[in-house]
Each structure stands twice: as C-alpha cells, then as structure tokens.
Amino acid sequence: MAVTLEELARLVGGRVIGDPATEVSGVCPADEAQKGRIAFATGPEFVEKLRGSDASAVFVPEPIDDLEIAQVVVEDPRRAFFQAAALFKEQSAPAPGISDRAFVDPTASLGAEVTVFPLAYVGAEAAIGDRVRIYPGAYVGRGVRIGDDSTLFANVSVGEGTLIGRRVTLHFGASVGADGFGYLQEGDVHVKIPQTGGVVIEDDVEIGSNTTVDRATLGNTVIGAGTKIDNLVQVAHNCKVGRNVILVAHSGLAGSTVLGDNVLLAARSGTKDHVTVGERSIIGGMSGVRKDLPPGSKVIGYPAEDHMLWKRQRVFLAKSGELVKKVRDLEARIAELEKRLGKDD
Amino acid sequence: MAVTLEELARLVGGRVIGDPATEVSGVCPADEAQKGRIAFATGPEFVEKLRGSDASAVFVPEPIDDLEIAQVVVEDPRRAFFQAAALFKEQSAPAPGISDRAFVDPTASLGAEVTVFPLAYVGAEAAIGDRVRIYPGAYVGRGVRIGDDSTLFANVSVGEGTLIGRRVTLHFGASVGADGFGYLQEGDVHVKIPQTGGVVIEDDVEIGSNTTVDRATLGNTVIGAGTKIDNLVQVAHNCKVGRNVILVAHSGLAGSTVLGDNVLLAARSGTKDHVTVGERSIIGGMSGVRKDLPPGSKVIGYPAEDHMLWKRQRVFLAKSGELVKKVRDLEARIAELEKRLGKDD
Amino acid sequence: MAVTLEELARLVGGRVIGDPATEVSGVCPADEAQKGRIAFATGPEFVEKLRGSDASAVFVPEPIDDLEIAQVVVEDPRRAFFQAAALFKEQSAPAPGISDRAFVDPTASLGAEVTVFPLAYVGAEAAIGDRVRIYPGAYVGRGVRIGDDSTLFANVSVGEGTLIGRRVTLHFGASVGADGFGYLQEGDVHVKIPQTGGVVIEDDVEIGSNTTVDRATLGNTVIGAGTKIDNLVQVAHNCKVGRNVILVAHSGLAGSTVLGDNVLLAARSGTKDHVTVGERSIIGGMSGVRKDLPPGSKVIGYPAEDHMLWKRQRVFLAKSGELVKKVRDLEARIAELEKRLGKDD
C-alpha cells in the first residue's frame, strides 16, 4: 500500500522538500535503491549513492542541494527510516480470519480480529487474545493462553501450561514448553522426573527461530518483559530471566539460572545450573559462567572471569615464547655465575 | 482427575495422617501451593512454607505436629512426589483416536489405542505400535517403524529408514533421519555422498526439542537404550551412542563417533569425527574431544585433557602475572650479581 | 526398482565379471551385505568380508579371483558405489502430484512435475519451479520463489522475501527468512529494527536440519552457489556467504559477516559481526573469529589466531608445571649466590 511523503513526514515528525503527494510503498538501502521506495542518508557518502538513483525519496538530516528526488528532512533519518519500514511491514500483514483448513478446537476461545492460517492447530481450552496471528504449522497446546497482538510464525510449538503475554513474537520452529531435562539416577538408569510446571513469557518478548524454552519441573520458567532471544538459544527448565535481557544466538542457560534485568549473553555463551547473574552484567562470547556474578559484571572465558584478567592472560599467552626464552637465558647466566664462583663449600 | 490420599499412599508405599478420602488432582511446589494439590517437604524450611498454605496435602518423611493439612508419610517424599506427578500427567493424556484431519497413508499399519492428532502425517508402509501418540505437525516418513508407547510431539520429523523403539519420546521439532553431512571434494565442488543408511533409536530414549540425529551413510546411526538427549544437540551420521548416555544441551557428536555406555557430555561439548569415548567417561562443559578416551576418563578443555591438568593450567594462568613479575625480579638480581662480579674474562 | 549390472556398469564406466543380467535394487556396506544389493571393495580387507556374503555384486578396482558373486570392475569403486546409491535414491522418490490435503494458494504458480505433499503450505504469489518437492509441514511464505529441482523436507519454513535457486535442499525444520536480530537501544528498552530485506539461496546449496538463515535488515542475506551447511547452524542477517563454503554443525555467523569462496568453518566455530574472512580460509573447531582474515588463513582458538601459534601455546600450557618449577629452582640458585657473595655494599 502506498503512502504519501506528507503522511510519512507527519509520522516521523519531519518536513517534505519536493512534492508532498509523492507516493512510496516501501523502504530500500541507498545503494540498492528502487523506484517507489524511500531510502535514508546520514552523511555525504550516502548522498553520492542517491544521485541519479531510482529511489523516489530519501530521509535526510538537512536539506541537500541539487538532489533530483524528494527529501524528508528529519532529525534522525535512520530512526525515521525504521519507523517507515515498520509501517510498510504492518500494512502488508495478512487479513484476519480463521481458515477452515486450520484446526481450532471448539473449546478454544479466540479474541477479535484473530488470524489462524491453514494447517495451524489450536488445542482445547486455549485462550487467544485480540489480533493474534497463528501461522501454518504452528501448534498451540491445550489450555495455552496468548495475549493480544502476539504472533506465532510457522512451525512454532507451544506446549500445555504456557502463558504468553502481549506483543510477543515467536519465530519459525521455536519450541516453548517442552519437558525440561531432569532425571533421577537409579543405578545406571535415568528415571524421568515429571516436568509438570509451565512457562511464562511476559509482554514484548521476541524468541528466535528454533530456540527452545523448557517448562519448569514445578512452578514456571519465566522470560521477563522486553527480553529478546536470538536463534538456536537454549533456556532450560526453571530459569528466571529478567526484563530487557539479550540472549544472542547459540547461547544457553542451564536449569534454574537466574538472570537480572538488562543482562546480555553474547553468542555461544552460557551458564551453569543454579547460577545467578546480577543485572546489567555482560557475558562475553563463547564464555561459560560457573558461579554467581554481582550486578554490572563484565566477564569472559571459561570459566568466565573478569574481562580485564582474561585479556591479560591472552597477552601473557601471546608472549609466552619470550618468557620461555628469557628463563632459558637467565638459567645460562646463573650457570655462568656459578661456574665463575666455583663449587660451594 | 482427582485421586484420594488413600490411593496415593498405596501407590507410593506410605500412610495417611488426616482424612484418607481427601482428594487431590495435581502436584505443586511448597512455595507455590494450590488448593486441591499435594506438595512435598524434606526438611524444616519446607514445613514453614506449608503452614497456612493452600495445599491440600503434603508428602513428608515423618509426621509433623500441628500441621492443618493432611500428610502422607513416606520414606522418600521427593520420589513419592514425582510418582504422583507422573500419575497425574498420565491421567491428563489425550484420549486415543485417529483424527480425520490427520493424514494417514492407507498402507500404514497402526497398533491398538494409537492417537494421531489433526495435522499429523503418517507415511506409506509406516508401522506404528500400540498406544503411540503422534501430535500435530509431526511427520512420520515412509516405512518408519515406531514401538509401543512412544510419543512424537508437535512438529517432530522422522525420515525414511528410521526404526524407533518402545517408550521413546521425541520433543517439539526434533529431527531424526535427515541426511548426514557427507561430500566428496572434486576441485572446488562438494559432491554429495548419498546418505542411504538409517537411524535406530532403541527403547526408553528421550530426544530434546530441535535436536538433530542424522541417518547413516550406510548401515545405521544408533542411539542406545535408556539414553537421554537434551535440546539442540547434534548427532551426526554413523554415530554409535551407547546405553544410558547423557547428552546435555548444545553438545554435538561429529560423524562416526562411538560413545560407550553411561558416558556424559556436558553442555556445549563435542567430539571430533571417528573418536571413541570409553564407557562412564565424563566430558566437561564447552570441551572438545579430539582423540580416543579410555573408559572412566574425566576430561575438559579444548583439546580435552585430564580435568586435573586443565585445572592446574587455569591456576597457572590466574597466577601468570606473579610469574612474570618474579622472572623480572630474578633478572634484576642476576644483573646485580653480574655487575658485582665484573665482566667475565 | 531393480537395475541390471550391465546398466550399472554403463552408468559408472566399468565392466561386468559374471552375469550382466544380475539385478540389484540397492547398495550395502561390505560388512552388512544383503541379497539383491551391491557393495564396494577398495582393498583386501573388504574382499575378505565379501567371501560368502549375501551381497549380489560388488564394485572392485581389479578383478578378484575365486569370488562367488558378480563384480563390476571400475577405476574408483567408492565413487561408483555413490553413483549407484544416488541412482537408487532417485528411483525411490515420490511420484509427482499436488495433494488435495495440502494448502496451495490459488495465486501461487507451480512448474511441471511438482510434488506437494499433504499438509504442506504454499502461500500467495509463490513461484515454484519444475520438479520441486515440498514435504508435509513445510511452509512457503508469500511470494517466495523456488528454482527447479529443489526439495523442502518436512517442517521447513521459508519466509516472505526469500529467493531459492535450483537443486537446493532444505532439511527437516530448517528456517530461512525469519527476522534478523536487530534492535535500537532506547534507555533500557530494545526497540525492534524492522527486518525488511530478504534471503537469496543460490543454486546447489544444501541446508541442514534446524539450521537458521535470517532475512536481511535491508537488501539480502546471501548463501553462494554450492555452499553446504550442516545442522543447527546460525547465519545472521546481512551475511554474504561465498560459493562452495562449508559450515559444520553448530557453527554460527554474526550479522553482516562476509565469507569468501571455499571457506570452511569447523564445528562450533563462529565469527563476530561485520568480519570478513578471505577465501579458502579454514576456521578450526570451537573457535571465534574477531577480526578480518586474509585469504588462505588457518586459524583456531578464541580469539582465533594462527593455528601454529595456538598449538605452541597449548604446548606451553602443557609444560607450564615445568616452567614454574624451573623458575623456583633459579630463584633458589640466585639466593644461594647472593648469600655467598654477602650483602651488597
């Protein structure tokens, strides 16, 4: 759907230079510009790319002379561009409706303007909020509750006992509410501990493709509001993840991990079970946290330690050849001294 | 479904203090107690939580005075609690039946009391045992055989050539029997080696969400009886995994790895291809095994080595600053001695 | 379907010893030989296994005396065996056809001899090439284009904005075209950057089970022709992966990574965002690349460095106990010298 520059300028709080009735229907990068789309420019190198380009308009921080295409002048062109992108994306959303090729259990309740695509499954007694979208192949287990404006993309699985908040997004193949990994060892045999708890996903959480969040043994695994989880991340049973946490791809939390608000786990990092990480801590890439960390920690390595110590150890190792040489040299000098002084008597 | 305390006491081998006709319909943690549910207490701190709580009953190791709620006295309250949890979970299982919204190939054979949910797929010549449950979005390829009492949760994929034993559980999105990763290099081009083997999953195996187990090039990839695999684990083609092995989340086995019985791979650890790990070995977290290991090994690091050596190296690195300082100090002392003795002649 | 040895010999450029009308219908390993199948032997140890075995024929490099079963003599028996395996696999492919239990949007276009299985989903305006196969539970989003002879196995998800080439294979649960992981931080809140770009998968690419390839913020994430990706790999938004690259299981590319042609990432290795890795570089297992690498690099460790340096550091650490002992010894010898010389004056 096309939007006029006048409308866009109103949305982003900017002003139009050129024809305000110019219509655009999408965004484009400055170096892959397309007709009917709007780009953004934050510096001279962008502007060069736009001269003679096919873009129909551009967000700029200040008016640019001699540019053929229309401009929307706005304080933060990058942010305005993202706002426009979000608008166009929202406009291309599917029309609501419940496909008769989906399976919706008669005991499930659906809010207003819900979209259930063909081949999606909504189980008994599930409660689906307004404007929720459930894509093909998504599975909503018995009694699951989903808040308004949430989206389950294709092939997502949400197990019994899960409570999902508002404006939550689950990407392709994400798994929420499968059994946690808990066994009692009896001799050589691993006897399953029934996982009867649930999962609570609070508002505004995003969970990446093929990421897994397991249900608690008892009580709930919790993902705090505003937390964003990347692809292929593991959140084990009984974890309590704070608000606005970032879990980057391939990171993992062992059972009963507690993360404070605003913690960041970089790619491929993880925690031992029952560890507590204080708020605003940063765990470096490929690191493993084995003990509790106070708020504001910045650690890396395995076992994870203060990042300055870790860096010093890297430098030490890089120079280890010199150290070995120096010790060998000292040894020779001492031998020489001993020789000159003769045998001890 | 509710159960009386009398019935529960019989199940777990305990005795009731209070009204044996009291009904409970689920379990709950002591600190999130709910009416109609039974908790467990193993020590004084639990008992405090239960005073005045909403729980209807509690498993205890010895009678507790002055507790308002009914008690079931049993030797191991935690174990009894898990037994009760398993009972309630079993009771809440879906009623068997083949949905007419599922696709079941007419040449597939189904045992007694099988459950096939809407939107599940069972391919040609598949053979499904008694009481098997196949959830929405699960895919059973041509000719796959599944033993009695196994469960395939939503969006699981099981490829042609797979043989699954009894009481096996595959969690959301698990992938069993996809092609192994094998190529012949011809110049710069990677020519696919056809993967024509299969996968054998023996009895009582559990496979976590979004875990992948690839089919063999020839012969079979094998997961031994009683082995438990966590989420997001990779088992490559031609691996032979022993019995009662534990593979924790994000661990991975390269092609043709052989694991003895009762081996444990901690989170994020892995093996090089064609490595053999002796039974009862423990591979530490974030470790990579690059050579064969005898039975009972306990290794960590990359390349993985004896865990005591690894710990000593961590201590060495932690003290590396002192070592550098000490060498610098020795250097000064030697220089001083050399100065005092004068030039060598 | 059975094939005569005469036909097989023609396919692989070999000649038959024995009855050329002998029929085989599959391949088998020499040590698990089966009637009606053909094995291969490259050396004497294979031949021993075949004496008295059930195999109906064998590929050999030279004629073998006194073997009861038919032989196909060919320069490279292993390669011939793989060619035969590929032939039998192709023969067992499903018959083309569009199931009326699939959902195919009326605005989608389908090429010739396409197979769409029951419970697969093909969205609006999708364009599917000739002989494409789409298995149960696979999801093809709006406007996705798929080239001739590609295969989407069960429960694969392909999002809007994805362009897939010819002869591409996506294994169980692979996710292509989900949103990249991009946020603007505003105070404590992570504001989503709309991901409006796409994904381009070029010809002859293979993507493993439950692997994730995210769509670009703008422009495209690109996987070059002939690249092979194993299971559980993460390719973040905006990455540009070259041709004939190998990404082994659990490896991961952070956003905007650029990989030259023929790069190899071993298992569990990864790159920092915006890193460029020159062609034909090899990244060792469990390694993390944090800076640009020239062509032909061979690195390992975290941060990844030249593999020879890394090995030297491993040796240094292994001998660190000796070093500490030697320094302690030098200290004692210096103290002794100092004592003999008396206090400095």
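Each chain carries a letter (A, B and C) given by its place in the written order, and its residues are counted from 1.
Basically, contacts are C-beta pairs under 8 Å (C-beta built on N, C-alpha and C of every residue); 3 or more make two chains touch, one makes a residue touch a chain.
Treat the numbers as computed from the prediction; the structure is a model and nothing was measured.
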TODO: Indicate whether more than half of the residue numbers at the chain A-chain B interface occur in both copies; give same if so and different if not.
DONE: different
- [ ] Can you grab the rotation angle between chain B and chain C? Superpose on CA, round to the nearest 5°.
- [x] 120
TODO: Mind checking the centre-to-centre distance between chain A and chain B? Centres are C-alpha means, answer in whole Å.
DONE: 25
Task: Multi-partner residues of chain B (each touching 2 or more other chains) - done: 119, 137, 155, 173, 210, 232, 250, 268, 286, 317, 323, 327, 330, 334, 337, 341
Task: Contacting residues of chain A [partner chain C, same complex] - done: 26-29, 32, 79, 82, 85-86, 88-89, 101, 117-119, 135-137, 153-155, 169, 171-173, 206, 208-210, 226, 228, 230-232, 243-244, 246, 248-250, 261-262, 267-268, 285-286, 314, 317-318, 320-321, 323-324, 327, 330-331, 334, 337-338, 341, 344
TODO: Mind listing the chain A positions that touch chain B in their complex?
DONE: 103, 119, 121, 137, 139, 141, 155, 157, 159, 173, 175, 178-179, 181, 183-184, 188-190, 192-194, 196, 210, 212, 214, 218-219, 232, 234, 236, 250, 252, 254, 268, 270, 272, 286, 288, 302-303, 305, 309, 312-313, 316-317, 323, 326-327, 330, 333-334, 336-337, 340-341
